Amino acid sequence: MNLKNADILSARQFNRGDIEAILKMAGKMEVFSSKKKWGDLLKGKLMASLFYEPSTRTRLSFETAMQRLGGNVISVVGAQFSSLSKGETLYDTGKTIENFADVMVIRHPKDGAAEELAAGANVPVINAGDGSSEHPTQALLDIYTMQKELGKLDGKTIVMVGDLKYGRTVHSLSCLLSHFDVQMIFVSPSELKMPGNNLRVLKEKNVSYKETTNLAEAMKWADVLYMTRIQQERFTDQKEYEKHKNAYILDRELVEKKCPKAIIMHPLPRIWEIQKDVDDVPGAAYFKQVRNGVTIRMALLAMVLGKNP
Amino acid sequence: MNLKNADILSARQFNRGDIEAILKMAGKMEVFSSKKKWGDLLKGKLMASLFYEPSTRTRLSFETAMQRLGGNVISVVGAQFSSLSKGETLYDTGKTIENFADVMVIRHPKDGAAEELAAGANVPVINAGDGSSEHPTQALLDIYTMQKELGKLDGKTIVMVGDLKYGRTVHSLSCLLSHFDVQMIFVSPSELKMPGNNLRVLKEKNVSYKETTNLAEAMKWADVLYMTRIQQERFTDQKEYEKHKNAYILDRELVEKKCPKAIIMHPLPRIWEIQKDVDDVPGAAYFKQVRNGVTIRMALLAMVLGKNP
Amino acid sequence: MNLKNADILSARQFNRGDIEAILKMAGKMEVFSSKKKWGDLLKGKLMASLFYEPSTRTRLSFETAMQRLGGNVISVVGAQFSSLSKGETLYDTGKTIENFADVMVIRHPKDGAAEELAAGANVPVINAGDGSSEHPTQALLDIYTMQKELGKLDGKTIVMVGDLKYGRTVHSLSCLLSHFDVQMIFVSPSELKMPGNNLRVLKEKNVSYKETTNLAEAMKWADVLYMTRIQQERFTDQKEYEKHKNAYILDRELVEKKCPKAIIMHPLPRIWEIQKDVDDVPGAAYFKQVRNGVTIRMALLAMVLGKNP
């Protein structure tokens, strides 16, 4: 696969070979994301950060990746866009910013925004999250984290927990995982189940999955326990919320009892759904995900800009 | 002309020789704005972006220019100023920021703001738009675009269309054009005509100009068709608005019929006043203006910092 | 003293030897903050600016210091934090951002915020102002300014004027000054006196100090006159305000009459409490403080990152 000049818009655009090529390139970037070395692979390249929503964590991750490889950054955040986009189409924004930058990263509240921008821009566009649709670079860093922590993905069981209905992270992740020989267990309140169209994709590919509301039971099978936040305001039935709010809280005791060897992940920020005493459990990997995010974004930026260390 | 250590505050500060010197320097910058090369002419220089109004397009243009020439940037946008300017005069802001930066770029909603800042600062100040007063770097990039597209300005006819009353762009542009042997045709609703003081300057210099409300008629004479947005809320008489709203919309058919060889320009963002099907007309130059903006700002930054490639 | 990997959280963490070591390092940084040279001491290092409150002056000072020494910057300001900190603890923020940056600078409205961040982060954290608690880098630049302007601090009289109750600047400054053989005179309305716990520290160290409401009288003794803003809204008794509002305004005539040789300082922004005609008095040092702020921050960044020019 050659990603040179390609857009990164959706997890659906990758096959297993693509994913493995990206993970391999990420491996080459480890030395730079570990801070052991400052790179110059992207020297002379300029990245535009276009964050129509703040999403500070993701923006800083991309800006760190770009700079640690020697590249430069221009950046626009939130309300600052008022002037840029005052009635302007994303197509026009693309045709404008391509005169400044060699690559664009966009975060936008609207589904499909990254695609619209890419239609106008003749430089690569990377989707850093559009609406509740896609967040492909998050899914790639999640896969990369699983592979690093477990050695390989095939044969493993991934348990995803929480708000599976609105969480774009788990949508993109289940899509990428469908290319591997894994089992998935989806744990959520019945009001927040994984959407039907995501499940359909798994069925078509004969991926083995189960749905349940019972976290403690599912944990026993977990090689990876992927937690997400569930929010009270998502529930129409507050009894349903009361039933689950404590069932979906992880503490050290529960982890040590049910899945002491599992890798524990979370896209962050975590509130109370992972208690602080879990941080020292050997499998806790949620802050490692942050560093792996820099590594993956280094790999993607290098690849779309046609650079190989 | 030597612009070293000079402020760039107004289109009125330049004579024809000055303008030609800037355009010539811009020519030397083409290689850097085309992304063919990354410069180091401004290495070791720091630019402060002081954008009291967002104006994202202009800010990114300056920051791109500075960085692509090897310089560094510090940046403040909009509401972030609350602390800097809490009752502080722009004079004091100038005396403060000069301790950080080698050059300052300011955008401000108040007429004359750039001049106040420059009074305090002992480093060069560049006006990136103050109130409805001036936007000299936009006018310079417009002139540069015309020269690149037409070869030369003398003998040409420039048709300016839309809101000529409030548009600071067309005010600064007509001022710069008055140094050349051109004809201007001003097309606007009668409520949005070019202000008297701008016309007076043209008369004094014996520049030939006409005023009309009829776009289709004016287009026949155009070597350059410079479109701007007109906004419904500017009109006290809504019948006047209804009369013009469609007359001042450019589509491909109209362009091919009336002025197939004209250069078509717009300061952007465009809304509906230039239909998207015009983008592929050979003379469409509005996105080229964006790139030329980077080139011109590279030239100005280099000149005020006393650097020559 | 070795500050490598240390956090800079409070003025209270330094003894006289520490302060002198920092001032000495600042001396080595003068060439870079004077713009005579661009450094590369911090090349390959990335600083995160985390400004939960705007505080533009301080942020630009740090970002200038970092960049002029060859380092890089990622930056978050004000409302952009909504996403980062949505319910997240500062501890988690620290564990997140340490994956991006080699050093963090934080400004936060809450007392103790820098310490919370430092508890999570395994890279150095510098407090750029937390609540009404501490602003140690401001106090260090103030001391550095006094030493530069007066040659030495021992034997000098420092007069602090204005809102001594709420001003975190004067709290941190009196703490640092207590390590030197100085006299302090505190001039304020009775409603805005230096808090008791600050005075207690001075008593314990046998530092000589006086309190008064009479500026003109105190000025006669001043080697340094340190002005701060007093705000009308701080007063419950408006008669008290009326009494002092004009007494605490400095103009050229007053300075020349009472303390023509004193150094005049202010943390900025100044409003009317120092009239503009004071700017040309030989002792006026408030804009020099801005440059010294860059110098001190260069020194601190280099020291916590373990670099020596």
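Each chain carries a letter (A, B and C) given by its place in the written order, and its residues are counted from 1.
FYI, a contact is a pair of C-beta atoms (placed from the backbone, for glycine too) under 8 Å apart; a residue touches a chain by one contact, two chains touch by 3 or more.
Being a predicted model, the structure only gives us computed values, none of them experimental.
Chain contact topology: the protein chains form a complete graph, every chain touching every other one. Taking only C-alpha atoms, you rotate subunit A by 120 degrees to land it on subunit B; that is to the nearest 5.
We define each chain's centre as the mean of its Cα atoms; on that basis subunit B and subunit C are separated by 41 Å. For subunit B, the set of residues touching two or more other chains reads 79.
On the subunit C side of its complex with subunit A, the touching residues are 43-44, 46, 48, 72, 74, 76, 79-88, 91-92, 95-97, 99-102. Remark: subunit A residues 35, 37-38, 53-57, 60-61, 63-64, 67-68, 77-79, 268-271, 276, 287, 290-291, 293-294 touch subunit C in the complex.
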